[in-house]
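All chains are identified by letter, namely A, B, C and D, in their written order; residue positions are counted from 1 within each chain.
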Amino acid sequence: MKPILLLLMLFPLLGGLFSALFGRRVSRWTVERVACAGVILSFIMALIAFDSSGGKHQIITFFTWFQVADFSVLMDVRFDPLAAFMALTVTFVSSLIHIYSVGYMKHDEGYVRYFCYLNLFVFSMLVITLADNLVFLFLGWEGVGFCSYGLIGFWYKDMKNASAGRKAFLLTRIGDVAFGIAIGLFFLIFNSLSITYINGHADILTPGTMTLFGLLLLWAAAGKSAQLPLSVWLPDAMAGPTPVSALIHAATMVTAGVYLLMRLFPVFSGSATAMAFIAVAGTLTAFYGACAALMQGDIKRVLAYSTISQLGYMFLAVGAGNITAGMFHLVTHAFFKALLFLAAGCVIHALHEEQNIFRMGKKLRLALPGVYWPFLAGAAALSALPPTAGFFSKDEILISTFLHAGIFYKFLWFIAILTAALTALYTFRLFFIVFTGESLYYEEESEKSVEKPPPNMIATLWPLGVLAIFAGLLNLPAGWGGGGWLSEYFLNIPGAAHHGEIPHSVENGMAIASAVIGIFGIICAWFLYGPKGLLRRPDLPGAWGGLFDLLREAFYLDWLYRRYIAWPFEKMADILWNRVDREGIDRGLYSFANTFMLFSQILREWTSGRLSGYLFMLFMGLTVILCLLAINFSIL
Amino acid sequence: MQSDWIVILPHLFLAGGGLLIFCIGAFWKNRPDGTLFITALLSAGAAAVEALAFSGSGTPFAGMVSGDSFSRFFIALFCGISVITLLFSRRYALHRRFSGDEFYGLILFATLGMALAAGATHWAILFLGVELLSISLYILIAIHKSSQAANEAGIKYFIMGSAASAILLFGIAILYASTGEMGIVESLNAPDSRNPLFLLGLGMVITGFGFKISLVPFHLWTPDVYQGAPAPVAGFLSTGSKIAMVAALLRIVTGASPPVWEVIAPVIWTLAALTIIVGNLTALVQDHIKRLLAYSSIAQMGYLLMALLASRGDGAGASAVIFYSVIYAFMDLGAFGAVSLVSLGEPMARADRDSLTAYRGLGYEYPFAGALLAVSLLSLAGLPPTGGFIGKFALFQAAIGADYMAIAVIGIIGAIISIYYYIKVIAVLYMRPTRVPTPHTFPGFSGPVACASIFALIVLMGILPGSLLEVIAVILS
Amino acid sequence: MIPLLLSAIIFLPLFGGLIVLAFSRYPDRCRWISLGITGADLFLVANLLVQFIQNPGAITVDLLWIETFGIRYALALDGISLLLILLTAFLTLLCVLVSWRSITKRVAAFHFFLLLSQTGVIGLFLATDLFLFYLFWELQVIPLFFLIGIWGHSDRVHAAIKFFIFSITGSLLMLIALIGVVMIHKSQTGEVSFSIYALNTTLLTAKTEGWLYAAFLLAFAIKIPLFPVHTWLPDAHTEAPTAGSVILAGLLLKTGMYGLFRIGFPLFPGAAHNSASVLLILGFIGLFYGAWIALAQQDMKRLVAYSSISHMGLMVIGLALWNRYTLSGSILQMINHGLVTSALFILVGMIDERIGSRQMEKAGGLWRKMPLLSGFFLLFAMASVGLPGLNNFVGEILILAGAFKTRPWVGALGFVGIVFTLVYTLRLIQEVLFGEPKTDDPYPDLSLRETAILGAIAIVVIFIGLHPDPLLNLLEGPVGELLGGTKNLLTLQGY
Amino acid sequence: MAVYGQVILLGMMLFVIGGACVLIRRNLIMILIGVEIMLNAAGIVFIAASLRWGALDGQAFVIFIMAVAAAEVAVGLALIVYCQGRSGSINADTYNTLKG
């Protein structure tokens, strides 16, 4: 088992190192193949490991990273069903994205850097997935942040792209602060950094501490998973190449936050407050993302906000105490979101880096049927149409929320289901505008012909399309004749308590409700954004314009950050530098030194050069000495 | 009786050498070049060897001159100082045309004066030594006749010096009047030492000493005279004459009876503090190197005085004073010597190279003289690995060890201030763009020899001060 | 044999420097000789390391030096010293290489001062006699003064003098306090000794201890440098030649830290104990203030200089917490910071050589022109922000996580600091490497020599990042001794 | 009060007069004369003291003082004359090019 897991992690790392060290000396062909091989081999290892572990928990230590007394940081892995499943998903989706990238980056000069980052990204994600030691996990956690920084800002010549990368790194690191503090507290309380140990002894925690941990981990996860209020980096992360967006949004990076919450679930699950916070954060983010996605004009930004929204659902699942549902949605989302992004990438590629959806139209459907159908599958899954994968996973979350004790959760459920309608609406708005009707900009039509993407790009869409539709089989509810395989598989995960029997009425009712709502959303989308839709335009006139702007700018969150955090921060830096450091401290020290100079100037006048003055001082001095002696004499 | 003469043999060598030089100067007109120089060197050297080699016993001549190892050590030191001064001034004097018998003879007589002052156990000898020294110096300072500044310096030193001598003398007279003792130590231990008359005398004596070692507020002449005097003479003046007085003061301080000491100590404390502060502060804005060195030497005397305070008791203070005197002699001689070396080629051979702007980049123009100046300054600033560092350390250790914490702190603050002006000069030497180079003059051999030996001594004292300290321990025991 | 080796390691550079001076007419020979000398010294240190690992235990030298003052030539080697002199030897070697092309004037003198500073720093890290320590402490300042003042940039004299005055101010006050301790010790035991081991048994009243410690602390704080006596550092760094910056950041700042935990804390445990809060606050101010100001910089060197202040702040925090984890972390971080910051200074120097400016606005888009240099730049920048897997992370996590054991809020606040670090570092990367190139001039990418320099540092950086255990093992014993020593004394004093 | 007391007093008065002369006069020659008066005042005190202590060494000292004073005056006058020749002034305060 040990070598398999080691190889599982090492293959992408070696691929990345190969590119970094030798990438410039070997041919492009080699670099591409090595990079893909790294991930695919890793996927194979994941399969083998998954197969041979048989759902058991294993903790394997590779070696000691460092150790000071009982602060021992090991490079070890905890291979349990959760990790196994996650590893499979990550490596599988990443493999496809790697293959896709070979086509997508065909004409880019920076391919070495690209594949290096991409491999390292996968490696870091695998570390997060498998690590048992929290500091080791942190290695992956930060590694993901760094790689995303490099990839988002991949086309660095445009400062905007570079800034987007920087923003991603910074905001996720703001989240990392909480993670770091949590690590410190774990060490303080448990004297251990092992997830297994901590989960095993979580019962010694008081509710208050649990709440604290819950909030810290929530904040940490919010950074990585782009939840409110740390969500603003994700839409900008579209600046990177599209496969990168797919990678970040689907399988890696953003899911890390949710995954962390699932991994450390026992630590905070005992605190109702923490759970409520997580649920609320998830719900609000889901709603927020869906609203924002509704008015975007950039194909990738729509998908980005949709990711934020879908991640909100996963948080809601965790908050509702059902991490199986969360994981289920994570996986299905990985499939259909990767699919959507990759398909969007094909579209963009075909239109020569055109991302404005209003410049697209039915010509795409006609030219690219191989993209059109998978995209439709993905859209259906995202809109949770039965019987796609998204339908089942989202349904499970809704049911858990609904069944969770407390009226509060009913309210969350209501928002969640409202969001589901919005999801269908924006998804099919996107679909209709991109693939049906005419482009809004006729004049440039002639200049741009649609270029067919290379076959390996299109080819990767199909397996994902199939999975987007059929992945629901993994955890088909009993009512649909399924055995809930995933639930069984996750049975032993700490904290994944079995939720007892779900009443059939609820199950059926919920299924019907979501189906109806989804279909309703699609119908609305058809009337509003179809080929002859009412709102099929990039902006809205009159009074609605304000609302439109509000949604398009995602409630001005970005602007608020810039105005109230970034700007004052920079201003303060300037003040500290110029006013405090230079004019305050440094000049203060100088004036202190200058007082000596002043004294010196005064004393200099004493030496006037005139003999009479000197003689006078000679006798003055004599007098003073005599006085001193006299005083001493009289005192003694 | 015979041992008496052995004890004063070094003095006789010096006096005889001086007289011989005068005779040669007067009667041997077509002597070979360098005769006077060699004679002076030999006399000083012989005196030094004599002082170190032979040990006389007791205090000869009715206890007027001390033959103890203390005074012999200082005689050797003064001879060393005069030898180095001679070496530095050989070319310098030739260029400025004052290389006659009076220069060499007076150097020897001044050295004799120092020897007498430092070795005196009797007020009369002390006074005679001081006067011999002073009168020689009046002439030496003004010896460069074509220099206006040298004249002015000579006049200033003469007027101030003679007034101070008069005060010193009157002080001695009063002391004698109040105690009836002419022996230095005896007069300070007289049973009836606590009357106003005695204190009056004491105050005047201190004033006289204060003038000679240029303590604040008697320091005002110092920068003017150093600036005007020829550089080697200024070096001689700032080291030899001061150290002679410090040595005499050391006798007074260690010899005074406790009640007398109680009266004197606060005065010395005040003078030391004032000297350290004023000397260092005033040096900050100086832009002429000789004036700067003058103020620096004033401040250095403050440090010595600080350790003098501590020199009663276990001997750490006295040891530190003597040790630092030696180091100080070499580093100040080094600094002034470097000035005289780089001033050799000055146009008109009138003034010395004095303005700091004239020292820009000089470290590259004159690598050896520049290095000597830099090392001397570093040593004066008390930075390792120079003797000045060990010396300063010894001074402060003595002061703190004797519980004079306050003055030690004042001293350290002064030292911090002083770093600036020393470093400023070094920065000028090495870090400022070079001015138009002047044509080099052949420096002769004597200057570089002195240069190298001082350099070696300063560094050696910084690394291995142990042997000198042991010698000092021996002479103090 | 080993004791002799210690002295050889200290004085080999000094003698080498004198030899170099003799060849002042042949610049190339000077370079080769210094390279040989530093290489030999590094070899000797490596040799020492091997012997030390095979046969651990303190290695000491103790000879009488100046009998009158009870001053001894006393050296001791333990894990901490060993690591630090290893760093010193390594960095000085790199300094010689870095200056190979950039120093063309007065080459011999340059190398002499470089080697002299090596002697000073190594001696300081080994000395156990306070006088000897002080001697080396001041000795290291002088060569650097010349290095900055002679071979620096436009405002070099001013910066050099400022640096010198700051350093000496602190050290002279320390001298007074040092003598004070010795004298108190003498009055108690009747024996004059400068040995750290003898002096830390001195019994001091709280007030005296406070004053003496304050003087020591000031000297160390200026070197570290702590807020608000840090203002010499940015100037010195900005004006110094690359090698000077490397010595300054890599070694000199470390001597302040070293003094604080080797001398300040053991000698005055009570006062140090009481000062912990002050140190923590100053450390935090340094951490945030330095990072914040770094963000406002246009000059790359100045930015890195302020980042140094920030990093040193964190180390001081680790020191002030004084427990096993934070202390190990701080000491390890000294090594890490020495490596990474030196690398950054070297890189800025290389960029300066190519584009003729250290202003960020003149740089930009360098990735396109110099991918290799940029790759290294990114690597070291990431090490500097504490990316796990690179060396700084290990030190930082030890300090921060260890902080939770003593004062959790410190750890929590410390983690906030890492965001501040990231902000300015990312700005630096972005302005320098990204964007469109500002000019069309082709800049040559790294030469073989430059690659070797950076590659060597990079290997060490990654090695420590992934496998710091050997280093931490070396630290374990001495750290335990430091902790145990002060603990005993504290109990003795009734804390 | 014995005689010696009055003689000492005389010496002091002379010293003060000499000092005042040194302090107040600007003429170099007059300053020199003031110094001479001070030296002689010391001589008088010595004589008085040797009167008091019944010892001769004070009186012997006076002879030394005379010799020293003579030497000093010789040198001093030579200096002053030379300076006067160069700069045409014997006012002490005209010699103030060296200052600061």
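Note that contacts are C-beta pairs under 8 Å (C-beta built on N, C-alpha and C of every residue); 3 or more make two chains touch, one makes a residue touch a chain.
Computed from a predicted model, the values in this text were never measured in an experiment.
The central chain here, found by comparing per-chain C-alpha centres with the mean of all protein C-alpha atoms, is C.
Between the CA-based centres of subunit A and subunit C the separation comes to 37 Å, rounded to the whole angstrom. Centre-to-centre separation of subunit B and subunit D, using mean CA positions: 25 Å. Once the centre of each chain is set as its mean CA position, subunit A and subunit D turn out to be 97 Å apart.
Chain geometry summary: the mean Cα position of subunit B and that of subunit C are 42 Å apart.
Under the contact definition stated at the top, the residues of subunit D that touch 2 or more other chains are 22, 31, 92, 95, 97-100. The set of subunit B residues that touch two or more partner chains comprises 155-156, 159, 163, 167, 223-224, 286. Across the assembly, subunit A contributes residues 604, 607-609, 611, 615 that each touch 2 or more other chains. Under the contact rule stated at the top, the pairs of chains that touch are A-B, A-C, A-D, B-C, B-D.
Interface residues of subunit C, counted against subunit B in their complex, comprise 65-69, 106, 131, 135, 138-139, 142, 145-146, 149-150, 156-157, 160-161, 164-165, 168-169, 172-173, 175-176, 179-180, 182-183, 186. By the touch criterion stated above, subunit B contacts subunit C in their complex at residues 319, 364, 378, 383-385, 389-390, 393-394, 396-397, 400-401, 405, 408-409, 412, 415-416, 419-420, 423-424, 427, 430-432, 465-466, 469-470, 473.
Per the touch definition, subunit B reaches subunit D in the complex via residues 123-124, 127-128, 131, 135, 138-139, 142, 145, 148-149, 151-156, 158-159, 162-163, 165-167, 169-170, 172-174, 176-177, 180, 182, 197, 223-225, 227-228, 286, 291.
On the side of subunit B, the complex with subunit A involves touching residues 155-156, 159-160, 163-164, 167, 194, 196, 199-200, 202-204, 206-207, 210-211, 217-218, 220-221, 223-224, 259, 262-264, 266-267, 270-271, 278, 281-286, 417. Chain contact summary for the complex, subunit C toward subunit A: residues 165, 228, 231, 289, 292-293, 295-297, 324-325, 328-329, 365, 367-368, 371, 375, 378, 382, 387-389, 393-394, 397-398, 400-405, 408, 411-412, 415-416, 418-419, 422-423, 426-427, 430, 433-436, 466-469, 472, 476.
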